[in-house]
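Presented sequentially are two complexes of chain A, the first with chain B as partner and the second with chain C.
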Partner chain A sequence: MSRPLLIVGGGPAGMSAALAAAEHGVRSTVVDEGLDLGGQIYRKPTRPDGGAPPHRRGEQLRARVAALADRIEVRRSAAAWGVFEGRRVALSQDGASELLEPQALVLAPGALEFVPPFPGATLPGVMTPGAGQILVKTMGISPGARVVVAGSGPFLLAVACQLVAAGVHVAAVLEASPRAPWLALPLSGFRTPGLLLEGMKYLARLRLAGVPVRHSRMVIAAHGDGALREIEHAPVDADWNPDRARTVREKADALLVGFGFVPRVQLAQMAGCRLEWRPEVGGWTPVRDEHLATTVDGVWTAGDGAGVAGALVAESEGRLAGLAAAHRLGALDAARFAALRAPLLARLRRLAPIRRALDAISLPRPGLANLVDDATIVCRCEDVAWRDVRDAVRAGCTTYRSLKVATRVGMGACQGCSCWPGVARLVAAATKGSPESAGPASPRPPVRPVTLGELAESRIAP
Partner chain B sequence: MTPRASDVVVIGGGAIGSCVAWLLARRGASVTLLDASTPGRATSASAGGLWPLGESLGLGCGVIFHATKGSNGAPAQPGPEPLPRRFMEFLCASNDRFPRLAQELLATTGLDVESEVGTGLLYLLYDEEQQRHAQRILDWLGAERSRVEAWTAEQVRARDPLVTRDLLGAIHFPGDNQVNPMLLAEALKRGALAHGARFVAEARVHALEMARGRVDAVVSDAGRFACGAVVNAAGAWSGQIARLAGVEIPIFPVRGQIVCTETLKPGTLRSNLSTRDCYLLQKSHGEVIVGSTTEHRGFDASVRYENARALAAGAVRAVPALRSATVKRVWAGLRPGTPDELPILGPDGRVANLFHATGGFRTGIVAAPLTGEMVAAAVLGEAPPLPLEPFLAARFAERPAEVVRGA
Partner chain C sequence: MDDVEFQLNGEAVRCPAGLTIAGALFHLRRTTTRTTRLHAPRTLFCGMGICCECVMEVDGRASVRTCMTLVRPGMRVDAQRGDAELSEAS
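Showing the complex of A and B:
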């Protein structure tokens, strides 16, 4: 029997939603793909040499969820692979699928790292900072003997620090933005010291370890024969256009590259939620009302999956969505809901501009669209090269739908999640338009691998 | 704004509309092709089976259609009946055009529509009831019987070793093959453009300007297009287009769901397969497509989990090795259905310069080449290659509306 509330994602937003609802007696199920709750940000190290102690806030949230185990069912290593007809959610765990039919659904799936296509990006040894972090934190494996961390945004520094703490040799951090983000913050930002202190701490640690953090530099290509051997990087201008005359080649056997995050909106799209284009929080995001309700009845979204804004915002959003769901399920009357949400809304209002200022500096700039050559693979699932897409654009295909038909771009198992944000930027550059006019990818179930046999034998919860 | 007059405005950029546009443009007509790129359009949802015999005999997707009807509490029927013989002839003639069409499109546009000759269709016989039903249909075929072969289970195994061994035999349709429907539409569209047609995307039509019983102009989100003639190729939505001209045609959406696997080794399936539960075909890219349901759910193009699960179960029954294949996508589309399962083609008859190219239901892709020729001929005032009469909208004129609706 499905519990009344289903929460997809066990990061700060998902855990907070479950806690807020449970405090009002609502029974919920939290599903998460990880080995334990925490999401990307609060992922619990599973090895002592994992590079960083568990995040204190993450430990607190996990402990509170555990204390409410009678109300909050946690399903770990479980993937929500599709949403059907509103809020029927297909779930895969241990190779078996089932369909859950909650009365309320909170989607808190987090964000994906954004990696634009560039020559050599598909070489083994090139990975996202998050993937490198997982190697170190949960498997105790070093991504390489000489690691370069590159891209943009504060996450690069956090990962570089974790690598250093785990004994990995980090040769350099290459940040495309011109300076440390917090130096450009409005004064109001300093009233939320948590955000800033952490960043400064990272920078100090890297300096101590002798890891150079080079600003206004970007990786423009990766080289190797079957595996990464060398990278090329160059100084970039304010729009991140590389000055190729000053390209430097550097040895590296691991490149951790990411340019911020893109909200994971695929499940919301399958539920039928309308999206809007908000580049300042990562691109396409679900349209939401003040209480985080989407355009589909009984479906809320919270956290980075609804617009990248970090763990603090995610936690408040999660609580708000959990309260809204509890109110909808009749566990919380209108007056009490209004009283409880007011401080959350105030906090969200306070956090939003600071977070935006932080992100504005690391948001991808147009120069990122200048890295591809004809043969660069822009969609790895379907092995589509830039020349194929460029030719189709010239033939008049300028949207996801038409390019998919003409080139198969975005048609693979990732449902366009990993390639389309980058390709949309390339298309926008080629048509002198905005990625918005290329439209969002239209993902289909399953967003996680499921076999025909598993689907055929799946259960439908009564 | 510059005037946007053209001889013909074609509404709908699927396989059918693009084919009409291509043929008209090739003849020198000035053509504007309007597309709304509506989610659920049948061309994008189609599996691309070209099964003129299998479908007209009811042994393709029709079996599933029939089984669905039977499961709704109605008494069990012996099986789907063949569609009228003249429709079978129409589909066979259209299918015969594919090899040449594919060559022409490759030469004109550089696009390979993956028209695969020689794959053939196998209708799998699981039990004796199916065998008796198939035999009745073979007897009905008469002179056309030579186009169909009854295969033993051993013959099936020799041809397609991965097909289940739990089988009495199969009916083999050697002439029933496949194409890539999306590439077909795209190549036809680009072919039309190469011959001077204009393509307008995101052009949802919301009005037809009428005067003296004619359509003067088509008004869309992308502007107003004055025209000499209008071709209604809006698929499941073509009833709405007709209504804008003040006339009714009995078109209704019939939802079909598809489950598609990851890319599998070429030759995993050598034939197209149809069974009581689903059909299966491997595309040249390696994906196996499992279709399809026939559901009356209005314009809702969403996927119903239970139906996707049933298709998966049907696929695993037919080809047990597919159990471990990863599902890549599931989706649904809306076929344009008609009460008699035949298309609506040619002049409307009530509005002087309105022509229909719609109602392709399960066979819109295989019918596209000849549909294009027949409708283009009608627009140009020439004799069609086959008689249009069985397909005219006028055939529904005497029927009461409720019969038409309840199909």
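Showing the complex of A and C:
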């Protein structure tokens, strides 16, 4: 028997939703693919004798969820791989699948890092900043002996600092944006001095460690035979078009590269939620009303998966979604719901300006579409090269659906989750249009690797 | 302390406790988890279970995401080749 409320994702948004609902007596299940609650931002170290101490806020949220164990059931290492008829969720855990049928569903899946295709990007040793952070922070493992961190956005500095603190040799941080947006931060950031101070602290620490932070520079290619050996980087203009005449080659056996974040919307899509194109928060996001309800009855979304805005916004959104679900389930009357949501809405309004400033820094610029050559792999799962996609675009295929049929792009295990945001930009550049017109990737269950045997045993017909 | 022993591609190897399989591969400086249909080597990329670049065969089960799975003593971990993951996974 499923509990009335199901929350997919146990990061700050998901945990906050469960807590808010539990405070009004609502019993919920929180499922998360990770080894423990916390999401990416509050990920807990797994190695007892290594890694960094866990984030304090993450520990607090985990402790509060644990204290309400009678109302909040937590299922770890549990992957939601499909959503059917609105809010029936297929879940895989320990090699077995089952269907959960809650009356209310909160989706809090978080975001993934945006890595556009570039030559050599599939070489072992090239990874997202998040992957490098997980290695060093939760396991005390160095991603390489000589590491370059590249891309855009404040997350790069945080990761570079964590690497340095762990004794990893960071050769450089390459930030594609010019210095100017950084200087703009203090003005818009004064309302949340915590975030600003953190940024300054990162820069000071990197300076102290002798790690150069170079602005208006971008990685344009990676080289190596079977593994990364060398990268090429070049200065870029305001639109991030590289000046190839001034390319520099640099040795590196690990390249941590990412250009901001993209909301994970696969589950919302399978639930039937309508999406809208909001490039300022990462691309396609579920359409929501002011209480975070999607266009599907009984389904809410909260946190970065509904538009990238960081952990503080995720917590407030999670609480709001949890309250809205509790209200729907009859555990909270309209007057109490109104009283409790008012301060959350006010807080979300206060957090908006700092987010806009941070977004302006990492928002991908059109020059990112100028890195591919004919042979560049644009879809990692299916080994699809740019020349195949380009030829299909020239032949008139300009949407996800038509390109998938013509080239297999986005057809692999990740179902376009990793590649499509980048390919859509390439298609937009080739057609002089917007990534919006290429449409979102459209996932089909199962969106996680589930064996045929497990599917057959579960009796869930996707 | 490298105190967990497991089988990697048929060879006994050791790593500290509390590592994911992907973490253990980096610890061992052996990074390839799978090869693609064009025989290109791949390994950990997103680190959080989305990209499926780091899938391997674990204790006979195909397409296990090694970034989401902790090493257990005696575990059998094998590289996946070509389209192996597709035959079982989808």
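The criterion applied here is as follows: the second predicted complex is superposed on the first by the 445 of 462 C-alpha atoms of A that agree within 3 Å, B and C clash if a C-alpha of one lies under 4 Å from a C-alpha of the other, contacts with A are read in each partner's own complex, and residues count from 1 in each chain.
The working rule: contacts are C-beta pairs under 8 Å (C-beta built on N, C-alpha and C of every residue); 3 or more make two chains touch, one makes a residue touch a chain.
Values in this document were obtained by computation on a predicted structure and should not be read as measured data.
Looking at the shared chain after the overlay, A:Ala13 reaches neither chain B nor chain C.
When the shared chain is aligned, chain B comes close enough to touch A:Leu99, but chain C does not. More residues of chain A lie in contact with C than with the other chain of the pair chain B and chain C.
By the touch criterion defined above, A:Ala395 lies against chain B but remains apart from chain C after alignment on the C-alpha atoms of chain A.
In the superposition on chain A, contact of A:Met218 is made with neither chain B nor chain C.
In the superposed model, A:Gly412 makes contact with both chain B and chain C.
Within the superposed three-chain model, A:Leu363 lies out of touch with both chain B and chain C [touch as defined at top].
By the touch criterion stated above, A:Leu452 is placed in contact with chain B and with chain C alike. Of the two partner chains placed by superposition, A:Ala311 touches none, neither chain B nor chain C. With both structures placed on the common chain, the touch criterion links A:Phe84 to chain B but leaves chain C unconnected. Note: residues 412-413, 446, 449-452 of chain A belong to the chain B contact set and to the chain C contact set alike, using the contact criterion stated above. Those residues of chain B whose C-beta lies close enough to touch chain A in the complex are 37, 39, 44, 182-183, 185-186, 190, 193, 199, 201, 259, 261-262, 285, 290, 302-306, 308-309, 312-313, 315-316, 322-331.
Of all residues in chain A, only 82, 84-85, 88, 90, 99, 272, 395-396, 399, 401-402, 405-406, 408, 411-413, 415, 442, 444-446, 449-453, 455-458, 460 touch chain B in the complex they form. The residues of chain A lying in touch with chain C in their complex are 33-35, 40, 45-51, 77, 79, 95, 112-113, 122, 124-128, 130-135, 139-143, 226-227, 264, 377, 380-383, 412-414, 417-418, 446, 448-452. Taken in their complex, chain C has these residues touching chain A: 1, 16-20, 23, 26-27, 31-32, 36-38, 40-53, 55, 61-65, 67-68, 70, 85-86, 88-90.
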